[in-house]
Structures are given as structure tokens and as C-alpha cells.
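Shared between the two complexes below is subunit A, which pairs with subunit B and subunit C, respectively.
== the complex of A and B ==
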């Protein structure tokens, strides 16, 4: 290796001038920051850290080629502390793939698992190649499966920026990028891709949602844990993607242009167009573990770079498994913490992402020994970070290690939570379980018992999500049916709080099907009437079924893919959902970002909220009650012009409900009645029938919503 | 198939005809050709691409860079093949260029 090369006539600054050469590649000392690969004048700066390696070698490939073109060991003098950096010249940026070899001790007990025979991916890789097209069979003999590439910062955002929609105004739509349009029934030109979502933006706008939450789009390996079903032979794959191998890289296999390496542009374009349509983008991020699994898993990146620091290890050097997926990221180690911060800042700044939902977020509050922290530095840093300050931060506030923090997640007045208690309470109530009325009254107010010091916007209210039954299946199955997953139906939750309405699975019984439809309407109705932030699962708006599978993580087929034929055949439900979302958006009283006080503080003569039963002013919270009503006084919410009275009857017979007097000069109109068939189930106020009686019959297992309107 | 290029300038319009494949290896010569044409500060850059069967991301980025260097420049793709248009649309580059089927559609 030569040093101090003769001048080659490069017209450049002296600090971007090669000083060394190896195997025809010229390089010089690099910049320690930023980490990763950064294009600089004349070259690329590579920077990576390892606290215990004895040496590091940069390995350079031409794209797709099986063997490297050069391997350059970082000279000892290029290392600063634990950071190896160099600037390499004469590279073809479009054709470059790179990795590292780290030499060091193998001492499992101490936590070192260095293996210089393996080429590992840069933890800061902004593009990862190797899985460019979804489920294309890899070359299993490839010595470097997941390959870091360069990213280019030349996307034309025009005047786009994160929308900063107030969180209390959001209606979140959880979707899986591939599953959303993979089914040919979607009729998009690029099924199963980011571009496919783009073609469905008009549908999302019509539906009325203003935020999409994308299930993991950080690069993962769909072939991880792939297997054939022992009975059917069907290929089961890593379909959901909760297994990150590249925190800074978008999944190439989700891009129609992935084969050209343009997944970054495709994602940015999608975000830009969603923003143009007034729709925010939240990313579901998996920072609690990596795709490397436990000690039996592959060495892709972190294990071969700094195993001891990236992972929470037992005293014997094994992997703590608070994620249920083999390992646990050591999130509150200062170095790992910085990586997480860098990652999210990157997505916020370079991809204009509006927020993040953190999978198994309680792991992010564990210390380096796995114990829960009272004041986790990472969570605090994320909450107060200036770059992330306007981003929504949503925690799935539990983990697989038994930590359950719904209502107690370290919030720093910023973090919201998936409210699992809302989900469970509403499911039980809709089933008709006894003893639920008290909790329902609390949940529809935004859960003040959990978030008193935060406000209802800390509560992400949901009834279904990717984990568990679809909404249709919630009312079609008493039990899970996950046989298609090949695990003898042992996987997936057992405590679903579901009820099949009288028949297990598909049925031709018209009464059962009508009840199921009505229950789905009830669910959407309660969700949209609740204070807090509603989230719905893709496909629930037209009754998507997974035939009772409540854990479809490995089903890359019609079971999981949205069936767009339902858009037509389930028109009654779809219309109801669309109008229910519209009802929420046009009634600010449902979206106030503070709790109801239960008193009159504007002099209207009525409290902001009052609870009733079948009798006025007599809510029945007894164990046997399945009825509740509440009156919202419109004058307590800015922009609200009318009162709303909601009568909820989850009893199996119709019941008479007393109705309060309408405001002076107004009368009640029946805007919503889930016991009616469409289109009379939900109407615009101007078309809704008015009632003047003091009592109304609310049908069995149904909800009636009255709104006040001026007498004509 | 190697990249074939020919260029000309007429008034405020610079024209580059491309045929074959514009991939990573031919992108540098494409960039040189574009840079040379832009030295004359044309108002329009017309790329006749009817015979271009493939344009890699490298080629698209050169167009974006040209636009960023000279924001008032109008870039026209004349008769691009469907695959090229498809990639442009999916990656958002479509908004940075004008796609036309006829010379007559190129105007100020």
C-alpha cells in the first residue's frame, strides 16, 4: 500500500485529495461523522464504529457481482477512538456496493462474536441491495447477502413538508404496503408496491382518512424463517416484516422500481403525493430487535460489528429475548441510542415522515441489563429532540417480556400509546359482556384514568390492527383458526374477546350476517364517537376477512391481501364507514384535545358531557347493564353547532330510551341508527328524519345518534 | 445495447437524440453531453428517446441535476417508451420533465 501519492492533477481541496492507494483504489483519512457512507467532493466518506474490533476492512463490490473488487483495511492511523473512517476516490456511485469485515475476539461469555470471514452490512446503510424484487429466490451461496449501497439526495420535493396535522384531528389507517394492492382485484398497475398505494390515494381521500400508518418498510428479508407448510406445502414467508436489517433503508422489494435501485425515490414520491392529498404518513418502526435472531441466527450486521453493545445480553453472553424474536436491541446504550436518534431524524428530514409508531416500545425503556428504567434516556431524547419535535410518537406500550405500560409509558408529555385497554373494553362491550358499561364510559372519553396528565390525544383508540382478527372476523369467529400458519394453531392470541354472532365462520344465515354487519357498524360508530385518536385497519371498512386467522404474519397470499371486490359487494358498510369518519370530522366536539369535565363551564345550562341510561340522568353502571347514553353539549366545543345524544344498547332486545329536550329552537334528528339498513343507517343531518317524542326505541345491539338542528 | 447519441442546438433549444440503453456505464457520457449542451444556457432541452429502450436511475438523476442547476430549463422527453414513462411516474421524476409525442407539442 503506497502513501503520499504523486499529484494526479485533481483540481480539489487538499483535504479531499487521496494520500493512499490499494488495489488501484485511492483513499485518504476520512471524517468520523456522519456515520455511514456519505458522498463528499471527489469521493465517498465511509465511517463505522466498533468498540472491540481489532481491525476493520472496507469491502467494495460492483453491483450484483459475487466477489469484491477490492478490500481495503483501515490503516491504524485512520481510527479515532472506536470509529473507523476513510474517504475513497474513483468510485462509480451508481454501481457500488460495500460492506465491512471486522476482526476481533470470539468470546461468547463476554459478548464478542467477531468473525472476519463474514462481510457485514453498514448499520447506517441508506440503501440495501440483495432483495431488490420481492420473493425472488436469492443465490444462497452469495457471500454477502444484504449489501449496503449509496443513497442520493436529489429528489425534487418542491414545496412539500410534513403536514403537522393536529393529532386530535387524525383518523389513522394502518396498512401493509404489499397487502394493500397485491391482489389483482386492486387493478393497480404496480400491485403490492409503494406505487400501488399511490394509485389508491383517491380511494383513501374518499374514505376520509388523513393519515396512513405503514407497517414496517425498513429493509427486511422476506425469506427469513421461510418454510413450507407441513401439510399443504404452501410457502410461508416473513410477510409482515417485523424484523429489521437496515434501519435507514426502505424495503426494495416493496418498490416497483426496486430492480433499478430507486426505492428511495418511490417512497419519497408516495409521501409527497400523500401529503398533497392531505394525508400524513406514520411509519411503524421496529427498533426493539434485529433480523439477526439469537445465537443461532445469521450475522448480517450488528452481531459482527459490536455484538456486546448492540444487544442486551445475559451474564452468560446469550441474548435476552424481550421481543419474542430472538434478540433485544440495547436501546439505552449511549451508542445505540444515538443510532436510533440518527435513524428517526433521517426519516423525518429526508423522507418528510410525519410520525412513528414504535413496535414493542417498552423495550426502548429497558436498561442495558433489561430492567425497566424510570427515566429512559432514549425515550426522553426522542420526546425532546428538535428534529423530531413535530413528529407524532406512538408507542405500542408493551413488550414480549411481560412489561405492560399502557397508561404508564414514560411519556414526557409527547408519547401517545396504542390503547389496548380501549380495544379490549370495546370488544367486550360489543359482545354483550356484563360489567363493561363503567369502563366504556371512561374509554369513550379518551381514557382519563390512564392519561389524566396528558389529555385524550395520548390515547390511540383502536379495535383492530394487524395483530389479531380483522373486524369482520371479530364478529365471525369465537376462536382463532391459524392452521394455515403451520404451527398447529398454537400461534396467535387466544384472548380475542370475539363473538361469532351465532355461527362459526362463513354462513348463509341471513340473520347472523345482518348482525355481523350491524356489529361492524357499531364498532366504527363507537370508535369515531370517542375522544382520542382513532385508528382503523385496512380493509375493515369493507369487511375484509382472513377466515379466522388472527396472526397472518407469514401469509403472502389472498388471505392477507385486500380483496378489492369487497369495495362493491360491501357497499353498505363502506358507505357507513365513510360517513362515520365524515361525522367525526364535522363534529369538533368529538375531537377536542382535552378531557370532558362533566360540568357546565360555558353557561349553556348543560354539562359538556352527561351520562344517562334508558332513563335520563340515571346511568346504569351495574354489572348487569349493557346500556349507556351520553349527551354532548355543542357549546362546549369551538366550531360545534349542535348537541349530540348517543344511545348505546348492547342488550339483545330493543329498549326504550328517554331523550333529553332538544336545545331551544331546535329539534332532534336521527343521524345514525345502526339497526337500520343502509342508506337509512347514517344520513346527513339535512336528510335525517326528525323526532319530537320524548322516548325512542333503540334496537337490540345497536347505537342511535341524534343531533340537534334548527327547526325549519 | 450500447448508448448512441447525437446532439444539436437550434436557437434556444438544445436537442439530444438517444438510442440503445442508458445504463450506469453510459451515464457519464450522457452527463458530459448534457453538460456541454447546457453551457449554451438553452431554454429547452429536448431528448428524443423513441429508440431508447432503457434509462437507468443514473440517467434520470442527470436530468434532475440539470433541472436543479438551471431551474428555468424545460426538459422534454420526445416519444419515450412506456417503461421509461412508467419509471418516471413511479419515482416522481415525471413532474420534472415534459413528456410529448410530437415535435409540434414542444413550445415555450
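== the complex of A and C ==
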């Protein structure tokens, strides 16, 4: 921060001089906008909104000190409309923590819950102290737990900017900042931090992903609802962090430099280095509720500032709970809408974030009474905002209030969706459920049934994510095993569409383990062959297990932390995944951002996609079928030469599949065969064996991919 | 906090003792200004700095930039392992020439 103390040129304003004094602290009327704390010449401008408070007091602390150094009530004349603003001079930017006290009515029936005895955090705070180091025991007696601080926001980005990778070229890798490297097996110097991810960039690059989606990194309280497991005594905490308390502040506890308050710089450095490696960053943002819970929850910020406007309330003044977490942010209230917009603009402009995934995004489309809107102003604003215009916007298109909008989310031609139907269909198909073939044919095309007008890039295809089984567990457990969460296995989803392949959990049965490995390969294979945008869960590429726990939100331990030992021991799977991502990259036909048309529109003599069964031209969509094959014509995609033939057999026996004639002067090569052991499961085309016969046997529960290549 | 200024073979050596934080940073800046005024090459010796806050790091970068802008060459000497780690995690390290010892610093400036 360059001090302007000595400057006296034309850039200094003539009105930045103190007019008031309180206990030796000098201040004056502030500037109404922007909200939050902004460093101005010689001072700091504080600005905060409340529609119903009767007065507001600025509370100043020295860093970490339990008692304030000063409390300055905003004089009446410092208030414009409902906004209180003040410039305070001569503050030590680095040593300052600040909050507010709002006086006003406590009347639940009208929604007011003012309490001047509480100090509340600035909703626009860009650094929030109080939980500076992960799981360091807080001082519960501290009167101000989550403490707003100033941010420097002067990181030197040099020539970095968001990458703007076309969304159809993305391979997204969902990761938990702490869990990614917290396990000592990660061998990084700062385990469980942003800096830890930095050290794993070469790994990510080699894996071939070009986008990481960070699970929530907005400041939250890992101690929220913390408890001991009733039987084991294990400490259970809020590990996932889907509970924001500062929308503008990065999670300090995830920063190796959090104790120095430098988390902002650490995150920015990570993003800059990821960009340098060609990897985009999407943030999983939780804007549907806050960490304040329901009427029994703590008053951290919003409740004590403007409860009635920030939350969707019942007619009785209680909290609607569309989030399943106690309260619901009133996203389509103009003030809240602007805060959300300011927040995302800040992350896009100041942190160079490439996109956002919105947790329980359907809530963002509800009105102030909770009813779904046809044209939600917030979603429209986000879709058309000038700052966010190149950002990827991805909705989790449902909420805990029963709104399920996969395929019908108000998209404004901009929004993509986590395609839950893709996940469910592929899981059912892979486990051998009959009657899935028709839907699978639709899903691998990018779900035109759901996204006909938006195109396949609206479909974020995934089979697993943080929520639910890991891929290994999907094929190792019929049922969830969440006992470690201390809720008698009642938490977590029951409809997992999983199959244990013959034994529940870990087993020494070689055949079962072989099949599980093959199923994981099948999953990656289908995912990478599907149009749309593939997303994989961290660790699935080497068979991470959570021992059947499908809801590890509270498990800050080896159960959720990546076991990097698997990088070596699961080398066969990891190699397959790397090469499968490479296969997608080198075959543009798989990534075309528009739908297949099922016809020939380039004059190649065959349609862009044609479906087959064990017999050519006879796809079997009947209820008992578990087989499908499809031919992709390479000439229908720019940059693609080869035809691709995919034969999928989810029947429990090997079956003969007729194969089409290879293009003139070419022959088929077996690029992928998941029934083979590595390294013969996937090969570079140059090394892949040729076949000349008109029929191949596709092994039980396996996928064979042929690519055409010129005859030598 | 204490600043010592000396010169060795035309190279300005600036030693800082104590902690550099939001309070002391402006003072440090003021006190080392004369040493950088005329010098073309300088060593900033931080081996006696026990604490470097975020504002301290920012000050270093500011000095470094200003010095480089007038074609000067500046080397940081004696940063502790702790400070080095923080600088590395936040990207600051990429901007500096850092030397582990005095001869190394002189070498970097020659």
C-alpha cells in the first residue's frame, strides 16, 4: 500500500481532512459507496447498510485484542438513505480489526433481530480474522469471534488474466483445498493449504485436467456444530465448509500464511500459477444461506444488521430453510442481489477466478417469499453482467426445499448445470441395470433432451462428486456406511445406484477387485467419451476410498484426505485415466460444443453419430438390453480425422459385436479395451493392435473403443 | 527497529534490525531512502530482521521496484527460512534476487 501521506499533488482530495474527534481518533463523514472498508488517502472509509436500525456504531479493535480500542457512533449527518459511512484517519491498516453495533427493534414477527450488545462483522469484509489457523481452538469468551480486517488487494498479477478456455475443452477436477494435501503422504511442505496445491500443479498438469473446482473457500467456521463422536470420541467438524460467514474473504485456515493474514496473496499466487500451467479455477460458492443458522444460531453479521432483508422469513418471522442449513439468503432482494453481484465481481476481477459453481443454485431463483421465479433478476444479472461475462457459471440446479431444475434452470443461454441425471443414468447402466440403454444414448450425446436449446456444454457430466460415494466406493459398497459421522448412519443419500461387485467393502477376493478396477475404467471411459463437460472428483483417478462413507462433510482426517500412496499402488488406473483424458483431448469430435444431428451434413456418406447394437444398425433399446455401440464420423468435426467406434457391453457375459467397415484405405485399431489389464487397456493409436475381422468379442462389463487409422 | 547504512566497493549495504510491520515500514522507507538515492547496486541485509509482516513484505517489493525502475540492482540477503517460506507461498519470492551469503550477494551484483 503506497502511502499518500506526503503527496500533495492534484491527486489529493481537498475534503479528506478530519472534522470530528472521539477519544483522540479523528474522523469525518465518509463516502457512501463502495460498501465495506476501503483504504483512502490518510484513512479508511467504512460504509454499511441497514434499512431498519436506529443507530450504528463503528467498533475498532487492535488485532487479536479482546476489547475494542474505540467505539464511534455514526453521527446522524453521516447517514445517507440507509447507509452509514465514515472515514477514520491515522489507522494502522495492518493492526486493525473492526465491526459494528446496530441498535434497533427486536420484533420477531416483523423480522427484526437487532441486538446492540453484539458486535457484527462487515458483510463486505475482505479479510476475516478469528479462525486464522485451521482448527486452532478459539477463545469462546471473545465477544467478537469473526473479525473484519482490511485487505491490501495490491497483488502483482503481472500479465495474468483469466484463461477463457472454451468450456467444451474443459476437464474439471473437483478438489477440497485441505483434503487434497493434508495427508502426510502428499509430501508437500505446507499440507492442507493453498500452497500445498501449488506444489501439486505438476501432478495436475500430468493428469491432464485443465480446470480445478475448489470446494468452498469463503471464510467459514470449521468449529460450527463441532462435536465428539458419541462412541469413538473423534472430533467432528465442519470440514467441507458449505457455510459462509464472509462472502468476500478467503478461508484463512486453508492458508499456510493465514497466521500472517496473507491468505489473499496466497490464493492469488495459487491462481496465477495454475493459470501459468494452463489450469482454470472455478470456485464452489455458497450463496444460498449463511453460517448464522436459524433463530437459535449465532449472530455473526446479517442477522444483526438487517435480518428482514437478508433472509427469507416465514410470515411468523422465522427462517425458511430451503438450504437444509437453517436459513435461506434472500437472493432476489435488490440489496442482497447487489451484494452477490459485488461478491462475484470481486472474485472475478481481483482474484482472476475463471468461473463459479453455485451450491443449491435453485435458491437463487426464489422470490422474497420463497416461491420460484420464472425470470429471477439475480440469475439474469449474473448471466449478463459485464465483469462476469467470460466466467463459467455452473448451477447445482436444485435445492433442499424440493426445487429440482436440472434441464429447466433459468439459464439465459449462459448457465451450465451439474447434470444429476447423467450421474444417475451412468451409475445405473454401469452396475448392469436393465432398461438404461435409451437414456445412456441420450446422456453420452450431451443430454439433448435437457439442453436442446443450450447445447451440450450446459451439461456438466459427472459420475461422482464430493457429495456421495467416491468412484472406488461406488463399486465397493451397496450401502452407505456413515457410522463415523455419529448420526447412526441416518445422514447421507440412500439412492446411490452403487454396486459392490460381489463383496461389501474391502476384500482380498482377486476377481472382485479386478472387476472394481474394470468398472472404474468403464466409468472414466464413458465420461471422457460423452459430449458435455466432464468433471472428476479428486482422488478417483487413483481409487481413493472413504470406506463407504458417502457424506464426509465432518471428517477432517484420513477418511477424506487424499491418500497419495495410491498414486503408486494404483498406477494402472491412474495411467488409464491420464490416457483417457488424453484421448478426449486428441479427438475433437468428442468435444464439439453442439449436439450430434444423427445425419450426414458433410458428405462423408455416414451420419455424425449412428447407433448400433451387437448387430450393426440395430441398437437394442428394449427393456432387457445392456448393450450399445456407436460410430462417430471423424469428418464431422474440425481437426478430427479418425472415425471412432465404441462398443459398450454392460451384460455379465462377453458378447460378439459386429463392427462396421473401416473407412476406405484405413483399418480399425483397438485403442481402448477395458477388459484388458494395463497397459493393454488403453494404448496410443500408433501402438494399438489392428483388427481386420468383422466381429469382435466385447468382454463382460467392458467397453471397447476402435479408432480408424491409415493402413501402413 | 534500526537501520545501518554502509558502503563496500561502491555497493550500498543496508542492514535492518528488528521487525518491519505496518508501523515501522514507513520509517524504514524514510531512513534507507538516502542510501538508495545515489547507489546503483545495493544489498538489503535482513539477517537481523526477526519479523516481517505483510506490510513489511510490501515495502520490500516497493523499494525493489523503485530501485529497479532507475536501473539499479538490489539483492536481498539473509532472509530467514520462515520469511522465505511466506514469500514463496505468496509469490513475493519470484520478484526478488535472493542471496544466501555476502559473497553470493556480491556475485549476484557483479
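As a working rule, the second predicted complex is superposed on the first by the 699 of 712 C-alpha atoms of A that agree within 3 Å, B and C clash if a C-alpha of one lies under 4 Å from a C-alpha of the other, contacts with A are read in each partner's own complex, and residues count from 1 in each chain.
Here, a contact is a pair of C-beta atoms (placed from the backbone, for glycine too) under 8 Å apart; a residue touches a chain by one contact, two chains touch by 3 or more.
Values in this document were obtained by computation on a predicted structure and should not be read as measured data.
Enquirer: Quick check on the subunit A-based superposition: subunit B and subunit C, clash or fit?
Expert: Aligned on subunit A, subunit C clashes with subunit B.
Enquirer: Per the contact definition in the header, classify A:89: touching subunit B only (first), subunit C only (second), both, or neither.
Expert: A:89 sits against neither subunit B nor subunit C.
Enquirer: So, does A:266 touch the first partner subunit B, the second partner subunit C, both, or neither?
Expert: both
Enquirer: Output check: A:156 vs subunit B and subunit C. Expected answer is one of first, second, both, neither. What do you get?
Expert: Both: A:156 reaches subunit B and subunit C.
Enquirer: Of the two partner chains, subunit B (first) and subunit C (second), which one does A:398 touch, if any: first, second, both, or neither?
Expert: neither
Enquirer: Return first, second, both or neither, reflecting whether A:102 touches subunit B, subunit C, both chains, or no partner chain.
Expert: neither
Enquirer: Considering each complex separately, which residues of subunit A are in contact with subunit B in the first and with subunit C in the second?
Expert: 92, 94-95, 152, 154-156, 189-190, 193-195, 198, 255-257, 260-262, 265-266, 268-269, 272-273
Enquirer: Can you tell me which positions in subunit A touch subunit C when the two form their complex?
Expert: 1-3, 5, 92-95, 152, 154-156, 189-190, 193-195, 198, 255-257, 260-262, 265-266, 268-269, 272-273
Enquirer: Taking the touch rule as given, give the residues of subunit A at its contact with subunit B in the complex, in rising order.
Expert: Within the complex, subunit A contacts subunit B at residues 63, 92, 94-95, 152, 154-156, 158, 189-190, 193-195, 198, 255-257, 260-262, 265-266, 268-269, 272-273.
Enquirer: Mind pulling up the subunit B residues that touch subunit A in the complex?
Expert: My answer: residues 24-25, 27, 56-58, 60-61, 64-65, 67-68, 86-87, 89-93, 95-96.
Enquirer: So in the complex, the part of subunit C that touches subunit A is made up of which residues?
Expert: Where subunit C meets subunit A, its residues are 21-23, 26, 53-55, 57-58, 61-62, 85-86, 88-92, 95.
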